[in-house]
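Chain lettering (A, B, C and D) follows the sequence in which the chains are written, and residue indices restart at 1 in each chain.
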């Protein structure tokens, strides 16, 4: 049972990585939100499976929080925002899907290259999970820098956070996981609320170099 | 003995100073086919000026009255340092080439100040040009002194003359170059053609004359005397440093041949001066720095040749 | 008061009063402030105390300005701290504090744009020197046993530097202290900052502060850096010194105001001192301690002389400014009648500035030339040629200084007043007169008795070089080699007096005396209108007019000086105008390109600053990836 | 009383949070400002007891000399900022730029930020520290966006997103550190604590430490404003209310750099024991140098006073990071001294600038000029504070910069060249602005002149900067030197 749960958790970690690539590939906003929710579910289930495997009840709690907040609540909020603010459904990309996929693959390779040799003492599955987690983090970053619209960037950030939590649960005996994941959630909530309150509709990179030029090199 | 030599030297210099000026004028006139004033004319001028009442511009300060004495003091001191017929004067240990140069600079500065004192336009023109000439003459002079000092083992003129006298009488390239440089400097410093025309009173071309325009009476006499004395000091300097033959070393025995040699040398140099002045024309003021630049180059060449041939003492 | 105590202290030290190294109860761990003065410190302290005393006395007669009351003593104290310092930290603390205090003084008149600009440039250069000197000091230092770098002079001395470190020390010291001293090419700030301060402060800045910078050069290069070093170590100093001398001398002739002309002349004299220092370095490297002592002695003597006469001249300029309301030469004139004491003192100072015998400037420059002459012995033909060129440049500088002195005195004090304020000037108040007269008297003493002064320097020379001037600095005669003829200031003065007084006697005896006063012939100018009782100021030479020959001959190539004359058409009543412009080429070649470079760099940095969030994230991620890749690579290796 | 003495650390952390909760509901605005001050004062007093309290304070807190020193510093700056806030916020309110709910929010967030910073400094647990830094970030973001102008919201967003990513990276590093420590200490809280890491440092797996260090460096480096992670900093400093800019500018680098210093010490111990880690100094020095160079070059072409000083903060963070990267007892000591003195001086600068901006009705260089002529006290204080930041004697930063540059020359001469160039450039920029702000003809006033009490805070800061640099009491110097010995 424990061995199977471990394998399952490992598999779900892999699924998160795949979903990250899907996020990178996806062009439509609603699909993006769905894929994000799926990733959160995968994370939650992986946490739960690990909790069962290691006999650590707090991991179950982490899993529950992940599913409830990021698998259900945040996607719902995002959909509301998209509808209320009438955000365009298609996503402007800054990098193009092809290059960003290539970049993503390269970063995944780098992550594995970086994590694998340095974690020789750790449990084998934890090593791979860590590599996966770093890959997810990296893909989240790629998504943040390859998309122009605010919502998709925030989704990238949240995917990145999923990777972090995956890393946290991959480390056996990591204390304070629940607290950390909740603390991070608070921040996510602020960000999502910020989009809503401040009506950041299309993009939040309005501080563009172009603006600077237009003001005529005004000294800031 | 050395005191006696000094007194005799002083008297000779004082007497010869106006004569040299007169001789130069006379010879120059002759070379140009004119009769010319008598040789004694400068002496007469000085005596006549002494009988006239001195004048002073109403805006001039007491400095104006002091300057002629400073002139005479500085140039007179220089004249007491440069040997004429003997090297054994009381002032021989003081006869430092740099100090002599410094004394001549004192005279130049003093006269320039006096020129500015009356607050007229001419004085300013003359003073500023004289100071420019001085600035450019200084490096050439210093390089000549450097060459002489390297050969003579120090900057004391008497010591240099003694060394040159005692050494093998060879013609050195560097000495020749240095002589040329020093001659150029001497022409400029004394306000002779081609740098300045001692006979001119044309306002735009004059340098020295513009500075003394406001002087009259005994002041002018002193300044004229100082001018003659300066010319003589330069001639003497050239004679002692480059043609030290015949100068008596010590004791009264060498005095008579020394005197004769000195008279000949001064005569020859004055003739040369007159010949040169009658042969070439005055330069424009701003060509003079170039003229002095050539002197500087000659001085530099003299030094370089010296270094190359001599290795070092 | 403080200065008076200081002067007594300095003299006592020079006479050999032992002074044990002392630690001040300040500082942080490993950086206690220590004082360890030696003969060199005392000598420079003497210069400082003379200048500070005179400036303080002079300041009594100035209207009290609260803005200068606090920084002024701090300025003096910081200079003293620099001179007395026994370790690198104290030295630098004093050095920088001196800059900051004097910066505040330069800013005393901060309403004027030019002053603020000067102050900014000044403090900027000060920061530059501070950083350079920190670098130099730590290159000399070695990490101590407990990780605390040993910065006391004793420790620095004990660990000589060699190779590239030595070269770096040389470069940094020349840049750091050289910029403070005003050596070309780092002199640009000096003619702006020195005149901007109140005159008694300018006097200290020119007279004493540049000496403190020279002290640092001497302290590091002759003392702390150990030796022997290669012979070429002296060459940069020689070159910078000669360039400073000529450029400073020239600018002293073209500067339109009295104080900046004096400041430029400071550059010139610092250059001459630097030539002496360079020679001494070369001689020391060639193992000729006697010659090194001659050169260093000449440099130190000139430092003292300059400290005295430049202070005097700045104080005179201050008195003129206070009394005639301007320091622009073109607004002065004829002051010798209204301010006889000031004028007499200024004449004394100018004689020293022009290096006229038997004044103080001549003695030290005579020694300097002797050192140069003897220095020909130190190397082959290349060195000799270099020295010959340096000698020529020095002579040019001396000639330029004489011209500058004539211009200063002639335009400001002689002739007719050029402005009503100048016509109504009154001589300085008593304390100011006392300060100036004291310095002028000191000038006379220094000029006539250079030998005894050199003997005071002897301990410092022995301390640094192992040899002193010894017998060469006789009471009456200075000589380049013991036992040969030399320069006898008193003798020359006596001869001059003899000839001059003889002429006076003869004139009194044989010539008609009693001057008749008459108007000067002005070359046909119209008589001045009645409201110009002192004549039309425009009909006598102006400051720019006086410098015209030199500006044309030398200024055009060295200062890119340009003159434009606009003559109105015939029959027009408009005046003709003559405008002379000049720019220090080093400003154009050094500071301006640097500023452009900085602005361009700032512009490109701004492109990086105002990125969108996405782009700045991209930069962040890019650098992170580089770090990770580097890490992976390094792990592999 | 004994109980209080036993656990001042807990109180130091709890009081601000409690005060924040109180201030969140307190109605009276004048009263709120005074409560804010009282709470900050109480925290400062409590913080002063920290050095005398036992090391392990419970609740995952631990007081060691470094934490105690920095907590006192943070509490002091918080206290003076609260003092300055009183007048400053009242003036803002009077000018109609802040309404009562926002003032209430401001006070609550002020205390939250202070509490979070103190928690981050005193936390022994890396997770707690991370949470505290995150909380501080959120609080700071909210304050920066308080004025709700377009520029302020933009700045807040930038701050939030970039620091959010930074904090995420720091968390990943923390996880890796826990993994590393767990392999030696076993799972549990010990593996996540500074004490555990320090104890186990020689035996930790070096390569893993390297990786963790990179992530923590990027994470907390963002908070410290190291280039190229600094983009959020100038905007947020420029847009926040000025008393808060003082706190943010002074405290954010402290927290982040102290964390980096602690981690660096762990790695160094590992290197010394042959544990396989790489010397961490290189990376710190590289980012430090980059910050110095970019921070100083950006001092030019600035029009906004607060943004200008934000770039100066970037430079200073770089200098400190460089010193910490250099390592060795003296360099770390100098870095700590620089950290303390710069925090004090920069806080004084911001306090003065804030009053000057209110006085002149704008915070651009064209608005503020010639302060000394019109308002000598304010002008001289600002001039002194800027001179202090520029490292001019007699202020203390001269001493620390002297030591840092000197150590660099001794150990890495070529990098010292760059550092020196950066320091010169920085000093030039600061001098330029010092003169334009304080000297020359004054610009016209259009706001209330600051009274004496408001200027007491920067004056006290300046006196401290002066004394701590030149006449550091032996006890205090020894104390800092001891800390430097622990973390070299």
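Going forward, a residue touches a chain if its C-beta (ideal position, glycine included) is under 8 Å from a C-beta of that chain, and two chains touch if they have at least 3 such contacts.
Here the structure is a predicted model, which is why all the values come from computation and not from measurement.
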Hey, what chains does chain C share as contacts with chain D?
-> A
Pair of chains ranked first by number of touching C-beta pairs | B-C
Which chain's centre, taken as the mean of its Cα atoms, is farthest from the centre of chain C?
-> A
Chain A and chain C, separation of their C-alpha mean positions in angstrom = 68
Can you check how far apart chain A and chain B are, centre to centre, with Cα atoms defining each centre and the answer in Å?
-> 97
List the centre-to-centre spacing of chain A and chain D in whole Å, with centres computed as mean CA coordinates.
-> 30
Whole-Å distance, chain B centre to chain D centre, using C-alpha means?
-> 77
Any chance you could list the residues of chain C touching two or more other chains?
-> 606, 611, 613, 617, 628, 631, 635
Do you know which chain D residues sit against two or more other chains?
-> 157-158, 161, 165, 169, 207, 210-211, 234, 301
Of all the residues in chain A, which ones touch at least 2 other chains?
-> 114, 117-118, 141, 144, 153, 204, 206-207, 217, 220
Pairwise, which chains touch?
-> A-C, A-D, B-C, C-D
Within the complex, which stretch of chain B touches chain C?
-> 49-61, 63, 65, 68-70, 72-77, 79-81, 91-96, 98-99, 102-103, 105-106, 108-109, 112-113, 115-125, 127-129, 131-132, 134-143, 146, 149-150, 154-156, 158-159, 203, 213-214, 217-218, 221-222, 285-286, 289, 296, 299-300, 303-304, 307-308, 312
Would you pull the chain A residues touching chain D in the complex into a rising list?
-> 114-115, 117-122, 126, 130, 133-134, 137, 141, 144, 153, 157, 160-161, 164, 167-168, 171-176, 179-180, 183-184, 186-187, 190-191, 194, 198, 200, 204, 206-207, 217-220
Contact set on chain D toward chain A in their complex | 125, 127-128, 130-131, 134-135, 137-138, 141, 153-154, 157-158, 160-161, 164-165, 167-169, 171-172, 175-176, 178-179, 182-183, 186-189, 191-192, 205, 207-208, 210-211, 234-235, 238, 301-304, 307, 365
Complex contact set, residues of chain C against chain B = 333-334, 336-337, 347, 351, 354-357, 362, 366, 369-370, 373, 376-377, 381, 384-385, 388-389, 391-396, 398-400, 402-403, 405-407, 409-411, 414-416, 477, 480-481, 484-488, 491-492, 495-504, 507, 510-523, 525, 534-535, 539-541, 545-550, 552-554
Footprint of chain D on chain C - complex, ascending | 25-31, 89, 92-93, 96-97, 100, 107, 110-111, 113, 116, 119-120, 123-124, 127-128, 131-132, 134-135, 137-139, 141-143, 146-149, 151, 165, 168, 598-599, 601-603, 605-606, 608-609, 611, 613, 616-617, 619-620, 623-624, 627-628, 631, 634-635
